[in-house]
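Both complexes below contain chain A, partnered by chain B and then by chain C.
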Partner chain A sequence: MTRDHIFTVLKSNLEKVVDGARGKEVSEAQSLLKDFGADSLEVVEVVSRTMKELKLKIPRTALSEANDIGQLVDLFVRAAEAA
Partner chain B sequence: MTTSTRHPSLHLVRHDASILGVRISTEEDPYLGLSTIAVLQAAIEVVTHDPEIRAVVLEGGIKHFSAGASRESLTVAGAGLRITGYVGEIPRLLLDMPVPLVAAMAGHAIGGGFVLGLWCDAVVLAEESLYGANFMALGFTPGMGSTVVMEEALGGYLGRELLYSGRLLKGRELRATGAALAHAVVARDGVDARAMALATEFAAAPREALVLLKRRLSSKRRAQLETAIVEEREMHKALFSKDSTGAAIAERYAVALPSGRGTS
Partner chain C sequence: MLSNPPRTCAAVTGLGVTCPIGESTAEYLRSLTSGRSGIRRWLDVDERVLSRVGGDMSDFDLDAHFGRHEGRYAEACLKRARRSLRATPLAAKLTASAAMQAFADAGLMGDVVDPHRIGHVLGGHNLQLRYQHDNFETFREEPDFIDPLFGLMALDTDVLSVTSEVLGIKGTTMTVGAACASGNLALLAGLDLVRSGRADVVLVTGAAMDLDAVWLQGWTIMEALAYRSFNDEPTRASRPFDRRREGFVPSVGAGAVVLESPAHAHARGATAHAELLGAYATSAASRSTRPDLDTQVLAMRGALNDAGVTADQIDYVNAHATSTLLGDAIEVAALKAALERRAFRIPVNSTKSMLGHCLTSASVLELVATILQIEHRFVHPTINLEEPDPELDLDFVPGKARPHSIQLAMSNAFGFGGLNSSVIVGRARD
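Presenting the complex of A and B:
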């Protein structure tokens, strides 16, 4: 599973769940909360849908470590490597 | 459990002579608890004694209409069974409200918070918000009569799919399913106006006729609710008697919401 694939799936779920991200450019440096106005439930929903789609699990407690989308992708990359 | 210290009557707002607004949760405290019951009891008291009131609009916070039971209320030892026990009283109170209730669900409504809205007579949902009965996603069986009201609101197959999976859907995704409440989804900034328009339309009828119709429509739902609550309670007793249930919920339920508590 490539980093690009993880990013694409995450971005697609971001656009479905977070209205502030619809029709906007999404990059790894951006923050779900600050740049797209997501609230905490929406962040968890984006991650939850991405986990289901990629068949990967990341500990929900690790979410608070991810300050931007790139760090969130890192969590998925680590989960994919461990799987 | 909610820890709101506001007096229940502070959650009641008279929108006009015939419509009472009831704020079921706030941004600071979006959870269900004993205070939810106190607010609904206060509202019923006011409506019962004021013959001018002919409709009630149920409102929530900006981000959350209601976040259901808090993480701590479900995971503290012995607490899971306690909260799943008393929240069954919430749908009863909604059906006991003498006049029609419109739920203005502009914010997210999840778990018991979604079910709370569904037990109202009419609902208005937002395209942008998340909705669902996520009990199973947290590791325990659904409560508050959700085993009957989800099928009523969404149809049998979609209702059961969402109960088993605990999946959340955006309002616009719910609308796309064509479910029984698909017509009730509007843009978030139009939810309050749509709810008020419905309440105003209902309130045009004489109060006596509204009270009679509410009683008739609720008696049917009440019968289903009472059976469901008893059986849901048995499921909760079986699950919450095990330590593993609290641990499973704690692991799955890790959303940071106001006061650092989670959401259900």
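Presenting the complex of A and C:
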């Protein structure tokens, strides 16, 4: 599972769930909360959908460490390596 | 108990349905007129469940539904609906879409009434059964993969709240639960909100109950469902008052009506479809599924009294009539006791013969059916009444619709656990 693939799935779910992300450029440097106006439940939904689609688990306690999309992708990459 | 003076009525200014025989009141009316059944084989229910037929809405397409109603909804409302209902389970989609129709029909799109003066009473409970079942299955495989919003969307009140969100309702909102009488009890509560002046407008929704395999099997084991003879002939399975009836046929659908104080409706120039004149409910003080004759009679008499009318003024009954052996027989006996000789002179039909039993939403859908019959001066057929039960000898309108002028109608609903209710609705006065 490549980093690009993880980013593509995450981006797709971001666009499905968060109104503010539709039709916008998405980069790893951006924040779900600050740049796209997602609320906390929407962040949970984006992450959970991505976990289910990729069949990867990220510890819920680790999510608060991710400050931007890139760091969130890092968590998925680590989970994929450990799987 | 039965000596109260008649109270104020509520104008019914909006109607909406999303159910197996219509995703609009126009389509619903066509089905009622033509006697079309909405029962088919379940599309996706565990093959081990004995009962194989029902009113299945699992293939409901929200975008296609909105396409059917293009131009009816305010842009902001439609935008909220698309966003809020996107990932929402079926029961909420069906309920909110019926409510949107009723709101548009009442001319309430576009913030024309102070939203703090609009209430919402949702009739129903145990609504998201299939959604819960699916998530329990997922949990068994992997707890982290359940729907991330399960803790919110599995609540019955989420159906209430998401519907209120779509429509911007900010007054008193609540759910009312009374098994298969939930819709009528919600109408009773809505009528009381209007009468008391707590609200000028009250949306009453009969919320869809999305069924799962465990519940279907549970009712089958209790011998409540039709499952012996008609699994391969779904449209013939629901047959109220027929000698071969063998249980109810469950169905998934939602209905909605807008109740409004007559003065408020008049002041804003709204047109009333009908008037909700009275409602009454009784308990048999029993958890039993066995219908109780005496308290059913008291519910009907109480509703007449609440409306300030007599049995001789009623010229049509929309019966609860679920197609169970005992239920249909006891309701007929209760009608004879409550309406006396009048029961033999007026049509009594069963919407469930076509629609199946929508459980918690049934009585709101049946109120809509009753109002459409009042407005269009006809009575719809009780389909599948091919071999009359000799014990049941009222005019059940077998097989075919016919013209009939209705001034005042009664609609009954009875639920497991001795929950009895009746409402009285009348033609709108000029």
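The rule we apply is simple: the second predicted complex is superposed on the first by the 83 of 83 C-alpha atoms of A that agree within 3 Å, B and C clash if a C-alpha of one lies under 4 Å from a C-alpha of the other, contacts with A are read in each partner's own complex, and residues count from 1 in each chain.
Here, contacts are C-beta pairs under 8 Å (C-beta built on N, C-alpha and C of every residue); 3 or more make two chains touch, one makes a residue touch a chain.
All values reported here derive from a predicted model rather than from experimental measurement.
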For this session: Please indicate which partner A:S64 is in contact with in the superposed arrangement: first for chain B, second for chain C, both, or neither.
Result: first
Exercise. After superposition on the shared chain, which partner residues are touched by A:M1: those of chain B (first), chain C (second), both, or neither?
Worked result: neither
Problem set entry | Touched partner set for A:V44, first chain B, second chain C, both or neither | both
For this session: May I ask you to decide whether A:V77 touches chain B, chain C, both, or neither, giving the answer as first, second, both or neither?
Result: neither
Seminar exercise, completed: Both partners, chain B and chain C, contact chain A at residues 16-17, 19, 41, 44-45, 48, 60
Exercise. Can you list the residues on chain A that touch chain B in the complex?
Worked result: 16-17, 19, 39-42, 44-45, 48, 60-61, 63-64
Seminar exercise, completed: Interface with chain C, chain A side, in the complex: residues 16-17, 19, 41, 44-45, 47-49, 51-52, 57, 60
Exercise. Can you name the residues of chain B that touch chain A in the complex?
Worked result: 63-64, 67, 108, 110, 128, 130, 137, 168, 170, 173, 251-252, 254-257, 263
Seminar exercise, completed: Within their complex, chain C touches chain A through residues 83, 86-87, 142, 144-145, 147-149, 152
